[in-house]
Every structure is written in C-alpha cells, then in structure tokens.
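Note that the chains take the letters A, B, C, D, E and F in the order they are written out, and that residue 1 is the start of every chain.
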Amino acid sequence: MKTFPWQERPEGNKDIMWRFSENPIIGRYDIPSSNSIFNSAVVPFEDGFAGVFRCDNKAVQMNIFAGFSKDGINWEIEHNPIEMKAGNTEMIVSDYKYDPRVTFIEDRYWISWCNGYNGPTIGIAYTFDFKEFYQCENAFLPFNRNGVLFPEKINGKYAMLSRPSDNGHTPFGDIFISYSPDMKYWGEHRCVMKVAPFMDSAWQCTKIGSGSVPIKTEEGWLMFYHGVINTCNGFRYSMGAVLLDLENPDKVLYRSKQYLLAPAELYETTGDVPNVVFPCAAIADGDKVAVYYGAADTVVAVAFGYISEIINFMKKDSL
Amino acid sequence: MKTFPWQERPEGNKDIMWRFSENPIIGRYDIPSSNSIFNSAVVPFEDGFAGVFRCDNKAVQMNIFAGFSKDGINWEIEHNPIEMKAGNTEMIVSDYKYDPRVTFIEDRYWISWCNGYNGPTIGIAYTFDFKEFYQCENAFLPFNRNGVLFPEKINGKYAMLSRPSDNGHTPFGDIFISYSPDMKYWGEHRCVMKVAPFMDSAWQCTKIGSGSVPIKTEEGWLMFYHGVINTCNGFRYSMGAVLLDLENPDKVLYRSKQYLLAPAELYETTGDVPNVVFPCAAIADGDKVAVYYGAADTVVAVAFGYISEIINFMKKDSL
Amino acid sequence: MKTFPWQERPEGNKDIMWRFSENPIIGRYDIPSSNSIFNSAVVPFEDGFAGVFRCDNKAVQMNIFAGFSKDGINWEIEHNPIEMKAGNTEMIVSDYKYDPRVTFIEDRYWISWCNGYNGPTIGIAYTFDFKEFYQCENAFLPFNRNGVLFPEKINGKYAMLSRPSDNGHTPFGDIFISYSPDMKYWGEHRCVMKVAPFMDSAWQCTKIGSGSVPIKTEEGWLMFYHGVINTCNGFRYSMGAVLLDLENPDKVLYRSKQYLLAPAELYETTGDVPNVVFPCAAIADGDKVAVYYGAADTVVAVAFGYISEIINFMKKDSL
Amino acid sequence: MKTFPWQERPEGNKDIMWRFSENPIIGRYDIPSSNSIFNSAVVPFEDGFAGVFRCDNKAVQMNIFAGFSKDGINWEIEHNPIEMKAGNTEMIVSDYKYDPRVTFIEDRYWISWCNGYNGPTIGIAYTFDFKEFYQCENAFLPFNRNGVLFPEKINGKYAMLSRPSDNGHTPFGDIFISYSPDMKYWGEHRCVMKVAPFMDSAWQCTKIGSGSVPIKTEEGWLMFYHGVINTCNGFRYSMGAVLLDLENPDKVLYRSKQYLLAPAELYETTGDVPNVVFPCAAIADGDKVAVYYGAADTVVAVAFGYISEIINFMKKDSL
Amino acid sequence: MKTFPWQERPEGNKDIMWRFSENPIIGRYDIPSSNSIFNSAVVPFEDGFAGVFRCDNKAVQMNIFAGFSKDGINWEIEHNPIEMKAGNTEMIVSDYKYDPRVTFIEDRYWISWCNGYNGPTIGIAYTFDFKEFYQCENAFLPFNRNGVLFPEKINGKYAMLSRPSDNGHTPFGDIFISYSPDMKYWGEHRCVMKVAPFMDSAWQCTKIGSGSVPIKTEEGWLMFYHGVINTCNGFRYSMGAVLLDLENPDKVLYRSKQYLLAPAELYETTGDVPNVVFPCAAIADGDKVAVYYGAADTVVAVAFGYISEIINFMKKDSL
Amino acid sequence: MKTFPWQERPEGNKDIMWRFSENPIIGRYDIPSSNSIFNSAVVPFEDGFAGVFRCDNKAVQMNIFAGFSKDGINWEIEHNPIEMKAGNTEMIVSDYKYDPRVTFIEDRYWISWCNGYNGPTIGIAYTFDFKEFYQCENAFLPFNRNGVLFPEKINGKYAMLSRPSDNGHTPFGDIFISYSPDMKYWGEHRCVMKVAPFMDSAWQCTKIGSGSVPIKTEEGWLMFYHGVINTCNGFRYSMGAVLLDLENPDKVLYRSKQYLLAPAELYETTGDVPNVVFPCAAIADGDKVAVYYGAADTVVAVAFGYISEIINFMKKDSL
C-alpha cells in the first residue's frame, strides 16, 4: 500500500478509535442512481484500493457495485451494479444483494454478501480484477446474513462466520463459524459467540453479527463486529471487536465489553435508519487500522485506531 | 395565479424534483397554540392562495385550520380551528380532524380529511370562501385515511381515492377509488394500485396512500402519493407519482418505480416522527408544479418540478 | 311455513335458549368436497326452506353453496358452489366467499357475504329461485365482514349492518349501519353498538358482529349477534341478542349483557376453530325462533327459543 | 415384510386415505416416563419393524427412543432415550432431540431429527441395529426443522429436505433440498416448494414441512408432508402429498391441493396441542401405504391408502 | 375433619397423584347465574368444609362466592357473590374478583384473590364464618396475581407468595414472597423461584404461579403451583409442587422437575380455555392430600396423593 | 441557595417554560467511562448543589453516580458509581440502577431509583453527605419504575409515587401513590392519575410517569411528569405538570392538558433514543423553578419557568 488511509488521533481525544474528520467519505447520492451508499467493503488492490459497495437505488432496490480508489478515501464507484457470471454453479439466482464483504485468499478476491434466494442467505463470488465476477453456490440455506470469510484457509478448509437469522427484522442473532473443503459444501457448524447479557454489555444484548474480514495478528484473529440493543425507539447498532484463536477460530480469546464506536455524530444518528454504525471492512498497515462502516444505513464513514491499543482495550475489559 | 410559488432548479442539481431553499415554509410553532403544522393542503384562491392546515396543538389534539397567502410561500394561518356547520347531514361528529386535502369542483371548494368517527374515516366538507365550512356525510365506514377527491366529476360522478386502513399504525395499505352520484352515497369501489413488491420498489412496499389532488394533463391524471417502507427503526415515508387514465382513473398508466423525494434534509429526518415526506397538495402553472408536503410530521415544505419531466421520469422507469 | 323446525325446551332446562338434541344438523363432510360446513343462512322458501351455505373444501377454499330442505333440519346442499352472473355491475370479482346471510326484500332474496376483493369486503347478490344468482357491486371498501341486510327498506332506503375490520384476524370490531337508495351506492354510516367493557360483559369485549337478519317484532328489530373474548388460548365466540328501534335502527333499545349461547358442547368446543358459536340466520314462526349457527367453524347447529322470553331476558339485564 | 400394518378402507368411505380403527396406536403414557409420544418414525427391520420415537417426558423434555414391533401396530418402546456415540465428529452436543425420521441407505439406517444446538437444527445419526447409534455433524446452521433424507443417493450425493425456520413458533416455512457428498458438508441448496396462496389451498398457506421419507415410485418420489394454517385459535396442521421428480427432486411434478388428512377425530382435535396431524413416516408394501403421524402432539396414529390412488388424486387436483 | 375427601389410587395406576373418578366435582352451570366455576379454594370448616369459589356469570363477569360442603365433594354454593364490608380500610374498590385462596391464621379465615383496582392486584379479606367478609387494603401495587398467604406468621410477620404480572395475558412470571407486620403494609420482597429453563422442565418455562396455601410438613412447606408452557396453540397450564424451608420460606428445598398433573382428561383439554390444570387449594389429613384445581377455566376437579410420596418424588428429581 | 441556576425568558418567547441557552449542561462523554449521562436528579446541598446522575458506561451498563456543583449548571461527576452500604436490610442486590431521584426529608437525603432485582423495581437509599450511601429494602415487588418520594411525611407516613410496569418497553402506565410508616413496609396503594384519552391530550395517552420530587406550594404539590405517545416511529416523551392536594396527594387538583416541554431541539430529537424529554428533578427559589431533564436518553438539559405562571397555565387548561 502506498497510501494508507489514515488520520492521527486528534489532540485531547482519549478514545481507542476515532472518526475521520471528513466523514462521511461517501455520500448517499455519490452515484446518479443511488438513494444511499453504505455497509461496503474495501481491500488493497494493485497500487491502490478496490471495493464492493452497497448502493440502494432510488427505487430502494439493493445491489452491489465495484469501486476503485487511489487513497482509500476518495472513491470512484461504478454506475452499474456488478453483473455476475456463473462460477462453480449455474444457479446464480439473486433477488437482491446487500452488505458485501471482500477478502483475498490465495489467488483471488472473494466476495460474500447477503443474497436473496427465497429469503436472505449468504452469496459467494470471486473476482481477479473487480471487473469480472463469478458467482458460486450460496453457502447456506436461508435465513442468514453477515457472512464473512477468513482471509486464508484454516486447517485446509475455507472458514466463514455468519449469523443465522429469520425472514424479517430479526430480533435475535449469534455468530457461528462453518467450514468448507471446496467453497461449495459447508459443514462443521459451530457457535462462536452469543449476545451478551443485558446487564453485562447491553449494546450487544439483542443481536450481534460479524463485520470486517478478520485481521491476522500475532495474538489472534482480530474482527470488528456489530452489536444491537433494542430501544423503545428501534434498534441501535454499535461496533465492538473480538479476538479469535488463530488455530481454532471457534474460540474467543477476548471480546470487547465496551463498544469501540457507537452512533453519536449527526451522520450516524440521522438518515434512513437512525443510530446505525455497521462495520464491513478493515484495512491494516502495520499497527494502524482503518475501519469502514455504514452510518445510518445511508453513508460510508471511516474510523481509525492502533491494533495494539485495541487488543489491549479488549484484554482489559473482556466479556 | 399572479404569483406562482416557484424557484428554479439549482445549478448542478440533476434531480427531477428539488426542494425550496427556504424550507420549511411553515414552522411548527407558527401559530400560538401549535405543536406542529404539517400535512396540509393549498389551492389558488382569489388573487392568491388559500389552504387548510393540520395544526396539532400543544395537547397534541389534531384539528384543521384555514389559512391565506399572497404568494403561496408566506402564510397567515387562523388561530382557531375551522368550525363546521351542517352540510348535507346533521351528523357532523368529529372526534378529530387531520391530513386535509382541498379541491375546487364546479362552484365550490371541497375539503376531505381523516375524520374521527368511531375510528378514522374520510370527512367531507365544502366552502365557498374559506370562512364558512359545511360538513357532509362521511364518505365511508371506518377505517380509512387519505381521501382525495378528483377536481371534476368523472362520467357524471364524484370520484375519490382513499386508503382502507385499520385502527392503529396500519402496517398495510393500497389505494382504491370510489364513486358517488351526490357526495352522500358511495359505491363502485375499485382497487387502483397496490404496494410494490419489496424487490421492485422497496420504498413503497409496506403501504401507499394518495397525496395531492390529481392534476389533469393531456396524458392523464397526475397524482403525487406517499409510499412507506418498514425499517427496523420505524416507518419511512417517501413521495412518488402516478399517472391515471383520464377516462377511467381506475387504470394506472405509469407509476414511478423510483421515488421523487425521500427524507434527507434535517427537517425531514428529525422531528416528531422522523423520516416522513408526506405530500398533500400540488399546484400547477403550465408545466410547473409546486408540491406541498409535511416533513417529519412537524413542518410544511415545498418541492418543485416540471410536469413534463416528471411524466417522462415515470415513463422511463415505471412499475 | 308448513314445518317449522322446532323442538320444545327440555324438561328441567331453565335456559332462555336451548340446543336441538340432534345437533349438529349438518356435518363437516356432508357434501363430497367439503372439509367443513358452517356459518350458513337459511330462509323459508316455497313450501320448505332454502339456504346459502359456507362449505370450505378440502383445499380449504371458501365458497358458498345453495341448499334446500323440507323441514329446515334435513338439508340437501348442492355439490357445486354458486356461480354468479352479473347483477348491477360487470365487476363481480370474488377471490373467495364466506359467511353468507339471506333475506327476502320485496320481490327477491338478497344474499350478503364476506367477499374477497383486495381484502374482505361485503358482497351482495340476489336470486329469485336459489338457482340463478346475480352479483352486485360490493357494498363497501375493504376491510369489512358480517354484512347483514334488513328485511325491508327503512325510510325508503336499504339498510345494512356490518363490522369494519382489518386484513387479518381482526382483534377489534363494532357494528355499524349504512344506507343505500339503490343497493349500489352506500352512505350515512352510523355506529350502532360497540364492544362491551371487559368488566360489564367480557364475552363481548374484544369484538362483536351482526349475525342473523333482524326479525321485526312489535318492540323492535331483534337481531342475534356474536361477541368475542380474547383468552390466552385464542378467540372465543358466543351469541347474544339486541333489540334495535323500528324507525331508527341506529338506536339500541336493549342488548343482552348475558350471552344466550356460548360454546359448551363438544361440537362447539372442538373442531377446526375451537370455541365458536356463530349465528348467521334466524327463522321465526309466531313467538318461536330457530337460530342457525356455525359451531367450531366446522358444522351447523340450531338453537331454539321464544321471542318474548328473549326480549324479556334482554330487558331484565341490558347493557 | 411379513406382516404389513394394514386395514382395508371401511365400507362407504370414499376418502383417499382412511384412519386405522384402533387409533391411536401409541398412547401418551405408553412408557413410564412419558407425557406424550408422537411425531415418530418407523421402518421395516429384520422380520418386523423398528422405529425412533419422540417421547416427551413428564418434565416435558424432548428426546428420542428406539422401539420395536412385530406387526407395525403394537410397539415396545425402550424406557431410556437413545444414547449417541460419536459418528463422523466428536461434537455431538444436543440440547434436545425431537421429530425423528428414519431411512435405510446402502448399509445402514440413518436418523435425522430436530437437534438443539444453539437453536433447532438438523441432527444426523446412523445405526445398524437400533441399539448403537452414531451421531454425526449437524447438517446445517440453525434454525432448521423437519430434515428428511432420501432413501438413496441422488446423482452420487446424499439429499435432504428441510424447512429453514426461526427460533420460536415459526410463522412461515418452505421446503428446501440440499446435497452432500459425504454426510458432513452440505451445499447446492434449492427451494423445492413454498406455501400455497391462501386462496388456492389455505390449509398449507402458513408453513409447510417435509414429513415422511420419500417413497420411490415409477412416477416419482412420493412424500407426505404437513401444511399449516394460522387460525384465530392457533396453528392447524394437516397432511398432503407431493410427487418429486426421480432424477431431479428439486422439481415438483404434482402436489395435493386438497389435504389427505386433517384433524377431525377427538385424538387429533384435543391433546397437548389441539388440531395437529403431523406425518413422520410411511411404509409401503406394493401399492399399499401406511402413514404414521403424530396427533395433537400427544399420540401416534396410522392412516392407510393406495399409492396409485394417492397419485391419481394429486394429478387430478394439483397445485 | 370427619369426612376427608378421598379416593384410593386406582389399581395399576403408578402416578404420584391421581384424579377423582367422579371429576369434575363442580360443573360449570352449578349455580343459576354461572357460565363457569373454577379456580376455587376450600378449607375445613366446622364439621365439614367451606370454600370461596370463582363463578363467572353469563355476562362473563368474574366474582367470588361462598360455599359449603359436608364431605368436600358435594358443594352448595351461594347464588349471590360475596359482599364485602370494610376491614382495615374504607377503600375496598373491586372492579372484579377472581382466583381466590383461603387460609386460617390464628383466629380467622383469610381470603386472597386477584382484585381489580386499576389493573389486577392482590385483594385481602377475612371472615370468621363465611357469611360476613371484611375487605382489607390490597397487598400490592398492580400488576399482580396468585397471591397466597402462609397459614401462620413467619418470624412474627404475615407472609404472602405472589406473581408480579402485567396488564394482559402475561407471558412471563416468577414467584416472590413478601412480608407484613400488620396485613396492611408490605415489604421485604424476595424472589423465591423462577421459571425453569426450557430444556430442563418445559412445562414450567413460560410462567409459574403459586397455587395452594402451603401445607406445613416436617420437611418444609409443601405448595402446589402451576407452570405454563407457550405452545403454538396457546398457554398450557400444569401442576407441580415445591418444598420451601420452614424457617426461611425464601429458600427452595426441592421443586418438581416433572409435573404432578397435566391436562389430559376431556374436562381439562376442552372448555372455555383448553388445557388448563390450575390448583388453588389443598387439604391434608395425615399423609393424605386432596388438591382442588380448576380445569379448562370451566369446572372444579380434585386429585389425590400421599404427601410422603409427593415429597419423595420431588427429592428424586428436583430442579 | 446562593447561586440559583437561572436564565430569564428570552425576549419574544411566549412559552410558559423555556430552555437554557447553553443546553445541554452535561454532555454524554463528560466522565471518561460514559456513553451517556441523563435522567438525573439534583438538590441544594451545603453552599451549592449535589446530585445523583445516571451514567451509562460504554458497555451500556446502567449505574448512578454522585456529583457536585457550585452553580447548578457546571457539574463535577464522580468517575466511579456509588457503592452502597447496607441500610435497613442486608439484601441490597442491584442488577442495575437507573433514573434516580433525590429528596431531603427531615435529616437526610433519600435517593429512589429503578433498581434491578429480578426485574425493575424501586430502590431506596439515604445519604447525609453524598459520599456514603445506605441502601434500604426495595419499596415494591417488580415491575415498577419512576419512584418519587415526597419531601416530607404526609399524615405521619412516607409517601411515594410510582408507575407499575412490565418487564420490557412497557406500553402502558399510570401513576400510583403508596405509603409507609417506616420506609420498609409499604401499603395503602392508590391510583393518582391515569393516561389521558387520545383525543384530549395525545402526548400523554400511552403512559405517564412521575418526574421531579413534588414542590410544596400554597396551592398544592407541584410535580413535573413525563407523558408518552406511541408514534409509528417509536415512543415520544414530553413533559407536563400536575398539582396534587397538599393534605391528600391522591387527589389531582389540576393537570396540564398541554405539555410544558416537548422534544424539538436537536439534542432532544437525536441521540441514543430520539425524541425524549424526561424530567427527574426541579429546584425552586421563590417563584422561580429550574427543571432538570434527560434529553434523548443521552444528555442532561435544564428548562426554567415561574411557578405561578405554571400553575395558572394548568388551571386555564386542565385535564
């Protein structure tokens, strides 16, 4: 990475993670058709960055779009949604696509997203160049959301985190892991982490879901996730982090009892769905990390932090 | 009309409809008793404009008030609600009145509104001068809302659009048309348009309701309506348009798959009910149209457009 | 009537109304296609009786069927549902038909039922011979159920009782009256009676709906209706009676605080919907009355009583 | 099979399927610990029959028990639940077990059931002798119920029907098929059949779920399934049948619009959960078939029919 | 007691508790005004028994009535409800009364019941003769049900079990104890026992409530209580028992994991509210105990058992 | 009080109460651990002010903290929550603490709050110095919230207002009063005021709850309270006032039909729970009063008024 997206912690700020001062980095109307652009994923690509973006159009149809950036902050998003070709299957039905994640494994970029096939489930596709995309078998039966692949095989198998759901505004949700020898058949489903008791950590007491592709650190897989509390005025989404065991990612080493980021800025507390902070990607450069998150289901924003500080924060006050 | 309320499209703006730069034109406290003024209807009247306004008072009782304006932007609203006299019936019970519409037919101005009579139904009244109002029989049995009269008889009968409802925060709703020979007895109820499938046009997938009195164009009756999506943080109201057949307004010619206006400005995303854009009136002057809408159930705002562009927009991407 | 369906009150029985000892008179499988036969209406016809029956078939599709009887007890029901011809309209859409009522006015038999047209509303048809039926305009906008016509015009207009509803298992409901000069356009909607307070008469505290066509007595229109209480194990339907003013049937003279019949026999407490007693017709012969009711949404049963006793019962303990 | 469980159609009975006159064949208290025995599966075994039975104990804990019978009617059920050994995994967590199905594939009997692992999912086990059982990996992520294996591999892979669910009394549900090369990893998930529109076949309009292990016929795979309608007094479960394509069981050839059996007998309309007919197994002998079903979530009953008649019935009136 | 109500365990029956063969002992219509008689309490009185009975009348108003019996089986219930006089307060408002319990303390009989005062709360009254009753202050704020007094003071204070509730068909509920120095002011509220985890004892996983007045045994206070499971067809009420510490009744010594009695007989599975077994009183004579319970919210029934066996049963399989 | 917190009514402002121009006075992050600081109570103390503050931490755990101020506007809040010592009981379990109120009675400061003990109930504690706090018996059984003590004994007894609730986001709620001779046992529960009918005063039609400790005036006890309306986008909390009889505070003398303050400023309409104005304390100095309220469940704000004007306002338009 030549130009890592970064802004130093503001003076006087004592938070573990802090927001980019020019947030949001992508506005709701940044492509002609869009009503909102949010919950999107980015990765280093060639000499800059590429990403897959959730752009709901003005008919409020949900689809995913490719985009490119030199610096990770200023983005050019394609004006047309990704058109999928057949990957490991001919069955590439997709009633809708939303909330993409992207990760590089071995030789290609894998995209996972919430795919509409008789209800929400996890769609999978790969690309080499962010121009041609090949859609594969859905990972699971409906109903599922927030499928996130690990960036490398674990014990010889692909591994995916996901959150089993129902067919509406699911009022519950825990994070599971599943394995596949071939990206087609999945099994060995294990529960990784569950919602926290209301009295221990209420911001994540209603449901939780995987966010960013896990970052490999010496101490474990670092993943940013969202947690939800159900207030009398609706769901509120905040962001925490978890450290999973390198060898056996079923095992939670540390998990943030305190949130790292919760809706507080106006672009987070107002919008199509107020009070949402929803991480979908994280890029690391040494100890620095930039987390991309959807805000209020309307725009894309970035927050920064130091990985070592984040891990210490989790260790000091872990669930 | 001497002074049509109008402001040209801002430079660089590519939207089909755009907001008035001084929005909201009526604030929530613009009369002494009011908690909020919104969802209101205006018409050309004498050498200016008159209107009927929904002003909820500080006990949050709902009632309708007359108002007058020279330019359609600056309004003087009466400080006392309209007192109804008996029209074609002595039974003018009204537990509450809200969401008025106004149209001129033949020799007088007809008001329709949501009238409280053992639940919400459609109240009807007429006035010649916006000083004396004569209340008529309710059009329908409860439960109904958003009754909108056509500005002329169709095949010799009065015609009204409405949205059958239930007695709460109705989570469903389609638009029907009904006919009357005499403004007293109603029949020939037909379904005109239904909610859109979630995957086709999600902003109008939960319920839809008539908004403005239809404008007669060469191509059909142009009506602005609201559509609702149910998010995990509540209902979100946006505005679209539909073109109905001139002879047979049961028939939808074109209907906007994309919304024309959705909550995005702070006066639309915050207020007593966040994320509401709710059109109740439209005034046309040649190809120009000004749409009056309630914002966040709190204030009144205006948006502008060219009728020909709006119709083209509907034709190009119709449901 | 040559053979009025009747069985004297059993010895020792002190109830105002009592059940026929051979109940149910129509079983669930009495025609080859049926899953259940219930909520049906009968009238004197020629030298015996005719009726319109709700027979849900084994696909659980709801439709209405003609039937004939010599004695009002033993019935021959047609094996095919009624096929409607166009009456005062060409628009005779009917997604489903259920819960019919029948009454003779002037020169013909009128049928009203719950008609599926973009939700449940009130269908109307007439017949002279129970062979050919002519469907008319639906009386109202959806959502409505339990439309019951008076057996004669009142002040020169047709009059219909109905219960505005919503589009599901409506958890509320009051009885309204509406008038029509021509069976096509309806207006002058008035609320006749509402649910009772839980503490006064809990069996009718959740919703009420008209049942039988009103019987003209010297003291007023006698109508049997159903009332519903919502228990922790579902809705329970019982039967009461009301006496409406002859001249002005908006006006309730007496209304039974106590029920007349509530689910207690096994054919009422078990079946497709347990705990339902649902009256749809009443035939009078002098002071005697036979009330036909659906039981458990599965079969048809009959109960008997003396009109004078029923009116006294209502007078003595009226809501 | 020496002694196929069978009773000829009663005289005068014109139903496609009829009940055993001695139903229920297994009572709720037939083992000392049981509160209810229902939703159970049987197969031919050695010179008689074996089965896996859902016996809820008097603490209303759900578990599965082995049982044996000479004639398929009189059963000896073990007094202790099945104790699982590790099959293709060490992870054999099971918070509860219910609604088993059994099928013989190649060399062994496979059991599938609803297995409690952080919510309901599909458990799998095999046995050779109904004495030792080996539990394998759960087939899917939660939430799932009614997993039914085909009795042979299809295109070289195991195939399983299931019904994705949520974590409560799921108010929706369609039937999917999934494939596995090894009974461990599952993929190629396809939707096979969905609930019927209310107006076409209301008994199966709320949710449907696979019932018996499919029977191979010349015309296709014959499977008995349950359908549910949501009445104002709760869910009502009935039984229908579907014929799936032999080569490509994703494809529905015929599906019964009418139910084959719906709750009507007292042991079906009363019990722990009234109005439930829930098939879990079918044994065929030539053209004869015996279907075992749970009644009212309380007891086990049997119904009989001729396969050819059932297929004709489906062909004549198919969804 | 001269004539203890008792019937020996039927031959072959291995249940800990068994039903009286002549159940129900009180029918729904046993007094002229009643719709149902259930959830009632009895005590030894003079040379026989007295009781307080819940009789809902045919308007389904809930009230309590005195009754007397020589043998505890055959009862004469007063035809008019109890009229309360002022006890330790003038404020004896009672919108309704239901589910009484009775206990003798020191010199008088105390009645507790669910009393309507701006929602359900616990009413208290005393009588010396079951003719004159003196109503006292309600024990608690709404919302509460199932208040049961201990039959003697504990550590010098009156003690009452109760179940805090909400204002509808409460879907949750645990048992608390509270103390009072004077039957007027209450405090020292402690949680005694909570619902069981679904997987441990599902019949009591939704809510539990005190049933009978505790019986003093050498090993502790023996109380029969009800537990509820929420099925897809409504609540099902069963009966268990708990043994509380004599000195400190906050402390649960043993609690039945298995139910003692659950709805199975037709008078328990059908009626106004199917599937309800609801104990309200227990009379002991040596080791024998007779438990009076409401069945299906419709009638009163009795079950018998030996206290020593019941306690052993609890010890062997305690939650 | 040397320095009463006060700011004169802005010129042109005609409201009865007006906001402090520097609102909010306490920000959400004003102590290091906090996510939000709101719904807090203050009293004059020594030569300034002391208070008890609800600070939810970044794990969104709810607890109460002491704080001090010279001027009532600028506050120093302790960084650690209050640690309770045992007061009149050893049982000082507290799963969580929120929404405190403070009042001085006789010789000490009493704190009441919503205390987690098997659900929300009313916790009580006292302090002499805001350094050591002694927790007493909970006042009531769960479920209760908004317990507010009167600042002096009434007829020799302590008196507390409260709002019985359920265990979730309670959708109902009225205000009751209870009395205690000793702060340990409570009784004589009376209903003081109920929600207003929707048509009379919709802002308080869903639930109401006590707010500030009552202020003794010549005309009665003046208390500020909150009222809630349920919109399609959640609960909206506003503030009104009530005047209770000095001798018999069960008796409402006047009650504001119009609200005094409703969410309108951005710090009230956006935040963790949008549209909340929630008064918890009022300090009077002669005719001046400063009301402290939580805004949007996020920050603390202040509003001012003249007691005489407020009482006149209530008299002129009382419910």
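Throughout what follows, a residue touches a chain if its C-beta (ideal position, glycine included) is under 8 Å from a C-beta of that chain, and two chains touch if they have at least 3 such contacts.
For clarity, every value in this text was computed on a predicted model and none was experimentally measured.
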Path length in steps (a step moves to a chain that is touched) from chain C to chain F
2
For chain A and chain D, chains touching each
none
Taking each chain's centre as the mean of its Cα atoms, which chain lies farthest from chain D?
F
Over half of the residue-numbered contact pairs in common: that is the test. Which of A-F, E-F or A-B passes it against A-D?
E-F
Can you check whether chain A and chain F touch via the same residue numbers (shared by over half) or via different ones?
different
Between chain D and chain E, what distance separates the C-alpha centroids? Give it in angstrom.
41
So how far apart, in whole Å, are chain A and chain E when each is placed at the average of its C-alpha atoms?
54
Tell me, which residues of chain B touch at least two other chains?
233-234, 270, 274-275
Based on which chains touch which, is the overall arrangement a line, ring, star, complete graph, or other?
other
Touch relationships between chains, expressed as pairs
A-B, A-D, A-F, B-C, B-F, C-D, C-E, D-E, E-F
Could you please specify the touching residues of chain B with respect to chain A in the complex?
14, 199-203, 229-234, 236, 257-259, 262-264, 266, 269-270, 274-275, 317
Would you mind writing out the residues of chain D in touch with chain E in their complex?
28, 32, 35, 56-62, 95-96, 116, 169, 233-235, 266, 270-275, 297
Which residues, counting only chain A, touch chain D once they are in their complex?
89, 91, 117-119, 121, 137-144, 162, 164-167, 170, 172, 174, 176, 178-182, 184-191, 194
